[in-house]
Amino acid sequence: MQISPSTQIVNIGGFDIGGPNFTVVAGPCSIESPEQFSETAHGVKASGAHLLRGGIWKMRTSSRDFQGLGTSAFEFIKKVCKETNMSLISEVTDIRQIEEVYDLVGCFQVGSRSMQNYELLRELGKQDKPVLLKRGLAAYINEWIKASEYITKGGNPNVILCERGIRTFETATRNTLDLNAVAFAKKNSPLPVIVDPSHAVGIRALVPDLACAAAAVGADGIIVEVHPRPEEALSDGMQALTLADFSLMMKRLDKILNAIERPLHKAKI
Amino acid sequence: MQISPSTQIVNIGGFDIGGPNFTVVAGPCSIESPEQFSETAHGVKASGAHLLRGGIWKMRTSSRDFQGLGTSAFEFIKKVCKETNMSLISEVTDIRQIEEVYDLVGCFQVGSRSMQNYELLRELGKQDKPVLLKRGLAAYINEWIKASEYITKGGNPNVILCERGIRTFETATRNTLDLNAVAFAKKNSPLPVIVDPSHAVGIRALVPDLACAAAAVGADGIIVEVHPRPEEALSDGMQALTLADFSLMMKRLDKILNAIERPLHKAKI
Amino acid sequence: MQISPSTQIVNIGGFDIGGPNFTVVAGPCSIESPEQFSETAHGVKASGAHLLRGGIWKMRTSSRDFQGLGTSAFEFIKKVCKETNMSLISEVTDIRQIEEVYDLVGCFQVGSRSMQNYELLRELGKQDKPVLLKRGLAAYINEWIKASEYITKGGNPNVILCERGIRTFETATRNTLDLNAVAFAKKNSPLPVIVDPSHAVGIRALVPDLACAAAAVGADGIIVEVHPRPEEALSDGMQALTLADFSLMMKRLDKILNAIERPLHKAKI
Amino acid sequence: MQISPSTQIVNIGGFDIGGPNFTVVAGPCSIESPEQFSETAHGVKASGAHLLRGGIWKMRTSSRDFQGLGTSAFEFIKKVCKETNMSLISEVTDIRQIEEVYDLVGCFQVGSRSMQNYELLRELGKQDKPVLLKRGLAAYINEWIKASEYITKGGNPNVILCERGIRTFETATRNTLDLNAVAFAKKNSPLPVIVDPSHAVGIRALVPDLACAAAAVGADGIIVEVHPRPEEALSDGMQALTLADFSLMMKRLDKILNAIERPLHKAKI
């Protein structure tokens, strides 16, 4: 293997992140309905995804936008996770949500807007489930790594760093994917590092190219947005892959990952 | 008056912010001791400051840095505010702190790292005290204004916008003060807009120049860091004015503000 | 005077830039016709402008946009300068243009795209006329000052630095005016520093506010775009002041500049 | 092949850039001496490089830094190119240099500081040799593509775009490699796109990771800095690969490129 594994290996739903295999997390931006979530989950599993993503409470720039289904979705989320035998990664935006979703998720996600919500990080440091820490929009790599220490020093070593694009002057793409930061963090932090190409570029047609780049640079996995009908999505439809796009992307990734001796995890049944 | 007042006027401690007069908020970055806070408060009042600033819980990039005195400082803070007859603006970084500091402050501050902590904003929307909303490090002006609506639409109209510098490629200064944003926000939001030149430039010798620029561009006030002995400050000493610097700056401001018919508030006794 | 003059004072057309008085350069983005240039020149002079600006060859992002009148405009430009008794500052984008415009201009301008065109800078270092050096779109303050040394070390000490906004993530305004850089450069370079609020903000209604801020921060002058009918301008019409706007701005500037004891130069007759 | 070739294929020294094969350009930042250039050229050829790079006149931020050997190096450069049967890509910073280096180079390079030196671009549009156009430090993708049209519309269709990192707030790496831009430009311009990972990250140990990412994202080639003894380099030593590093990187690239069916060109003898 040409790319060294992380010192800290984080297990979510039976998959080691940061070890010899590459992990793919997929699902919708927002969980919108039982049908949408179920169709997405079964679809991405069929193409080899290992873990599910999906927003329950959405952070939206405008207070008038769709804010997520909240607790009303809990029952069907559990059902879909059980049917597919997949764990869910979902964002918490407030300390009070940690307890609420504890039974539902395999991993807490901290979004880029919350990367320096230190009270939230401290509370997650007391949990016994992993945390996916997205890099802030304008966070130095160093601030991102230091933010992770609010969690690890609090007693929870199971943190995964996630690069999701930074805000720069460029406007043709949603954000600027910073793979320098992935290469840098892999060598300067003991934690696994994954990449979110969907938010990083914001244009569906370019997501697979950047997912392949993330694999080649040495990331430990990716987290991507998939929607059965992106044109109907309540949030971020422009960047969601269709199930067919996702399937093709997985085939491209598979070849590159085999070439660099960092194969995809075998899917659970 | 050449610069139009805000539609929404916000009163803190007896001073209207956003009306015909200019407001100066001054004090230490962190409240470090009874002596430091008292000396600073009496000193800035003597030079004409209207309101006090001072951090009780500090957000620090590293979990190992000084995190503020917290509740242990409450008694002496109350005493100093009473002695000087000045209201305090202080940051809350978590919902639980709102109730704790309610009696202590004349205005809640939301720091740049928390600008999109929407749960915190929603909670502040239920309060009957004003909120100072700092612009996020990499927030579009539009996102900043939309963040303010999480508070105002929640029922609290008393929000003040605060420009404190954005993160750009430039490294010679701490941040880049964006006075374009002040001029833009004054014309595109009903709220008062003030400027924090201390964080925006990060170099003591340049703070007064930028305070004067803020006055001339049409800001409704400034919030500046002052420390009796900046070289001993536990945080941000590089950008704190001495009491003598502050006094000189007030004299410069006074002339410019008179010239633009936007005079300083008369101090309370 | 509260703002210290520059060590190097640069005289253009009889006006000292960097000394005790403030200088105003005004004119169109592009010189478009004898009528447009003449009307603008006489108009700004009547309101107190000291020097003229106007592009002869324009640098345009697209090769299909208006590229300037070039040499065909020389005769009427000379006539207008003579009638108004004002010197012209105009951009050169190539070494070959230096000789061509030598007799026409009182000062060569180097645009932001050319700030690191070192061959051009070296050639300007051999000239006996002043050079206005605009800061590059993404140039560190330090790179800007070092670029000026390509000219001064070449033998031409008469360089004026010009801050014209930097490229940041913000899109509500054209660029981000960096007044930190003006304050910094005034203290870290012997050269005069002026500000171009027109390019820096790109929105007509905000230009006067930022011109006032530039005066208050300690700039030695401003350079602004004025057009008799901005809606008909062939370039940058959105940011051009009308003659009436310009006149009002001059009245605001006059008050602030008197307050800081940095009055406008008296106009020549 | 999963990655579509460019519409415009550009041949340099017998290698098609933008077609079914991947091209590697390697060499020193600056050509420093006959020994350094010869050792580098023979070394990179032995590991499979196709074309040489090397600066003759260097653009330096400070006028006091090493400015390149200039014409004194022409004889030995020719000799090394002949011995290795490799073409050279080298930067021109001024119109007058085009004729000077015409016989020496297989392709003219336009550096990032000159991307909007339109007079230079227009002149290169009249040449019958290819041009490598680096993206400006803060150029929008769209401005970069439009700059290429100054050359192609002038009559020279043989332009290669080169992403070399943009200037952002991040300081841990030299620039931020923008692979979004590579994916975007491949789909929105007919021209081949290559990547310079050396300038883009500025840290030797990370260059191979980013070269692999560039290959995976769909770039048509890379241009990298190699120095036999980077610690002795007169410019950019921190980011130069040793000959051993380069050889290892080529092995990693070879595997990824085969996996994506975009193999390296076979080397000429």
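Here are some notes:
In order of appearance the chains are A, B, C and D, and numbering begins at 1 in each one.
Heads up, the rule we're going with is that a residue touches a chain if its C-beta (ideal position, glycine included) is under 8 Å from a C-beta of that chain, and two chains touch if they have at least 3 such contacts.
If you're wondering where the values come from, they're calculated on a predicted model, not measured in any experiment.
Rotation angle for the C-alpha superposition of chain C on chain D: 180 degrees, rounded in steps of 5. Of all chains, B has its CA centroid at the greatest distance from the CA centroid of chain D.
In this structure, the chain pairs A-B and A-D differ in their number of contacting C-beta pairs, and the larger number is found at A-D. Comparing the residue numbers each copy contributes, chain B and chain C share more than half of them at their mutual interface. A separation of 34 Å divides the Cα centre of chain A from that of chain D.
Residue positions of chain B touching 2 or more other chains: 138, 167-169, 171.
Those residues of chain A that touch chain D in the shared complex are 2-3, 138, 140-142, 165-166, 168-173, 175-181, 183-184, 186-187, 200-201, 203, 205-206, 209-210, 212-218, 252, 255-256, 258-260. Contacts from chain A toward chain B in the complex involve residues 59-63, 93-96, 113-114, 116-119, 136-138, 143, 146-147, 149-150, 153, 167. Per the touch definition, chain B reaches chain D in the complex via residues 138, 167-169, 171.
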